[in-house]
Amino acid sequence: MSRQPGVRSSMVFLPRERLSALMDHLRSEGYRCLGPVVRDGAIQFASLAQADEFPIGWRDRQEKGSYALQAAGDARMFAFANGPQGLKPWLFAPRETLWRVDGRKAALAFEPAEVEDARLAVIGARSCDLAAMAIQDRHFLGGERPDGAYAARREGLFVVAVNCTHASATCFCASTGDGPATRDGFDIALTELDDGFVAASGSERGARALADLGLASAGDVREAEARARVAAAGAAQTRALPGRDLQAALFANLMHPRWDEVAGRCLSCGNCALVCPTCFCHCEREEVSGDGTSAEHYREWDSCFSEGHASIHGRQVRPDIRSRYRQWLTHKLGSWHDQFGRSGCVGCGRCITWCPVGIDITEEAAAVCGAATP
Amino acid sequence: MRGRNPLNGIDSHCPEGARIVGRVDESDSIFTLRLRPLAPSPSPRFVPGQFNMVYLFGVGEIPISIVSDPESDVLLDHTIRRVGRVTEGLARLQPGDCVGLRGPYGRGWPMDRARGRDVIIVTGGLGCAPTVAVINYIIHRRSEFGRLSIVQGVKRAHELIYRDRYEAWRGVPDTRVLLAADEGDTSWPWHVGLVTDLFDDLAYDPSRTLAMLCGPEGMMVVAVRRLLRAGLPEESIFLSMERNMQCALGLCGHCQYGAKFVCKDGPVFAYPEVKALLGTRGY
Amino acid sequence: MARLRVSVHKFSSCDGCQLALLNRVEEVMRLADRVEFVHFAELGYVDPDAPVDVAFVEGSVSTPEEEIRIRELRKNARTLVTIGACATAGGIQALRNLQTDGREWVAAIYPSPAYVSLLGASHAISRYVAVDLELWGCPVDSRQVFSAIHDLALGVRPLNPGDSVCATCKREANVCVLVAHGEPCMGPVTRSGCGALCPRFGRACYGCYGPSEQVNSVALTQRFASLGLGPEAIARRFLSINNAAGPFAEAGLRAKEPR
């Protein structure tokens, strides 16, 4: 499992103060820049006007059901693990109009929603974010009828990834094979050192962007330091799933008493699914205009914990918390393999941190699968 | 019938208008709407067992199987039970009213595999609707198929719909129609009891028979068991599954069934594809 | 299609839920070719005893007069819809039900309590008559009420989703005030519909929209305790605006009990 961090040949050194030059280049190419900022006590992706908006000197402390920021007082911009949401909201919108219909005409007049065509450059995507994006790409774009809105946003996305040099207590991407080093799916990958970034390109447009900045080679010493820091972030992870493919073990244990036990703790609020970067469930809803003459048909994020998710004309296929949590976990870590060729978990740990009561997917999987907690 | 640009874009979500040109009240709560798409479109061919999304203005969409003959005309019949928000509203519509329509969606019955074989169709309740197109398809090509057995069960005698159709099918060469009601009444000349009781009357060669099942899952579980016991191979049994289908495109996740999306990978499945979870509560 | 005959009635309440309609009065007017308001005193239509297709009821039943009036109203309404926490769950005024004799409060508050005629308790409308649809909230949200009107005009039963406030927070990218700030947020057990108004401004949810479809109050109570809340503070979280709503009442009273 030893994999080279996502730093490729011809790596260059991007001094920290020149990150703004990279942003300027991206803007000149028509991209809006998006990056992590401190907002409402958490590090979240938001539009960036300038480079000093990055969470400079901030650390995150994540545990089961808790998240806190701490100021370290240094110049590091990316010395935190991840925030409450990854790239998902920027590609699979939380709410989106699908079409509108005018009901005044004798015949209903349908108008599909226009697909926005905006260029977005995200700076600071992590390996787990990119692994999740690959799964969502397959879901939304891989079928016979690719989703137009997702496709348009995906097309317009420029990814500046950051290899993790910091793991939170809830991270376990090393155990799912999705990090902490990025592998692909980025245009540029950065690894942060004390005085700047080792930068590598992953695409032609990424290479062009770096070339434009006229940067010097990173050099062996910096490259080695970058690799070491990323490897240390992997080694620092304390959680792990009990295996890569738990499909057989989970479905052999559908009647395990642990499901009842976790149902006693689970709030069924759906936060785990809603922060999960691979969960794709959404519902379709209708909003009628005030005067009742037209309607907007939209989709919005939903989860398998919600009331209507599995109801068939009023009958609930999953009427209780036990069956809903079991559905979520057995799909995510189990039947996902048959459906998408891999697990639905990328080890980002968000479902652990953002569960209000701190339910830990790694503990539950281990308990149900009968494995000793690794 | 599909959105304007079904292969590339959000359009594949967007319905088109269709006018109700006929309506039949099949029972107290079941009715059939005959729809004519408003936009001139290429002939709306579909495979028996596929479904359309039918949209009621201001309320939403529901998946409804297509009852009419797959290749006979441009009118689409949908038999609907008044059971939820959208169907309650659709029940109020009359000829001349408009609805939205998109489709056809999903994987239908394996008509090619059925060709040259005996076909047993076992349905319960409104499960009969998604098989009407199969029956019509076979009847229109009678010589291409072996013996056709139509087995339908209902809970109460008065819930039987398509009575005229069953009578007509009885008269088709080499075709049997067997009906059962859990609770009979004076107007019920047929079997009183479970639909699976009728299996005793079905003489068939399991090696050259294909079974198509559609109805409540409990009924399908029992039917599968009986057919397997009679020697029918697992891969000769097909089931039409029902789950909450909202997008019909395999995207929204509501019809997730193990590793399948019922709307896209089904609704018709070969038994081996679903046997791991069939009848498991919570899936 | 015949116009939907609608009435709006007030029982024990602050009138705030009627603002769900009054605040969008232009849209109310634009409904005119589909909806006819036959009784809506705040809008100037007064005909309380008229038979209607839909009666919206605001407020709880807390006086003898209201008990008689709600029974009469039920006879005149084909569909009865409660709007807001008072009508749906008894309201904040149901806190008096927790006292052995709520009348003591009347004496403590009003200079001439003899003029105040009260039942022994404040109850939800459903305690007295059958209710067809209950819209939660303190106050209800305009979108809920308009959406119910549209659905009823189309002859379909309105959607009334019971998912949690958390779902709204996540769609809106609100940072979780419980996880990130240790606030005793009721969001995980509270029905959505308010647009997650309080968490959006960094405040813990008060539970205005009542219990969500699945309430695991035991788990949330334990979580509140781990944040340092004592039994009385936990009880107050549940025994607030929707103190008389089943799962909240149960959780609040359980928290008060000594272990």
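Letters A, B and C name the chains as they come in the text, with residue numbers starting at 1 for each one.
Convention: a contact is a pair of C-beta atoms (placed from the backbone, for glycine too) under 8 Å apart; a residue touches a chain by one contact, two chains touch by 3 or more.
This structure is a prediction, so every number in the text was calculated from the model and none was measured.
**Q** Based on the touch definition given at the start, go ahead and assign the chain network to line, ring, star, complete or other.
**A** Looks like everything touches everything, fully connected.
**Q** Could you compare the number of C-beta pairs in contact for A-C with that for B-C and name the larger?
**A** A-C
**Q** Taking every chain's C-alpha mean, which one sits closest to the mean of all protein C-alpha atoms?
**A** A
**Q** Based only on mean CA positions, could you tell me how far subunit A sits from subunit B in angstrom?
**A** Measuring from centre to centre gives 39 Å for this pair.
**Q** Using mean CA coordinates as chain centres, what's the subunit A-subunit C distance in Å?
**A** The separation of the two C-alpha centroids amounts to 37 Å.
**Q** On a C-alpha centroid basis, what's the spacing between subunit B and subunit C, in Å?
**A** Roughly 43 Å, centre to centre.
**Q** Give me the residue numbers in subunit A that touch at least two other chains, ranges are fine.
**A** 285, 288, 292, 302, 308
**Q** Any chance you could list the residues of subunit B touching two or more other chains?
**A** Within subunit B, residues 57-59 contact more than one other chain.
**Q** What are the residue numbers in subunit C that touch two or more other chains?
**A** 150, 159
**Q** Can you list the subunit C residues touching subunit A in their complex?
**A** Touch residues, subunit C against subunit A: 24, 26-27, 30-31, 34, 143, 146-147, 150, 153, 159, 161-164, 166-167, 170-176, 178-182, 185, 187-189, 202, 212-214, 216, 218-220, 222-223.
**Q** Mind pulling up the subunit B residues that touch subunit A in the complex?
**A** My answer: residues 3-17, 19, 38, 55, 57-61, 81, 83-84, 87, 98-100, 242-244, 246-247, 249-254, 256, 258-260, 264, 276, 280-283.
**Q** Provide the residue numbers of subunit C that touch subunit B in the complex, in ascending order.
**A** Interface residues on the subunit C side: 150-151, 154-159.
**Q** Using the touch definition up top, name the residues of subunit B that touch subunit C in the complex.
**A** Listed in rising order, the residues are 56-59, 85-86, 88-89, 92.
**Q** Show which residues of subunit A lie in contact with subunit B when the two form their complex.
**A** Going by the criterion above, the answer is residues 98-99, 101, 103, 106-113, 115, 139-140, 143-149, 151, 251, 254, 280-286, 288, 292, 295, 297, 299, 302, 304, 308-314, 317-318, 322-323, 326-327, 331, 335-339.
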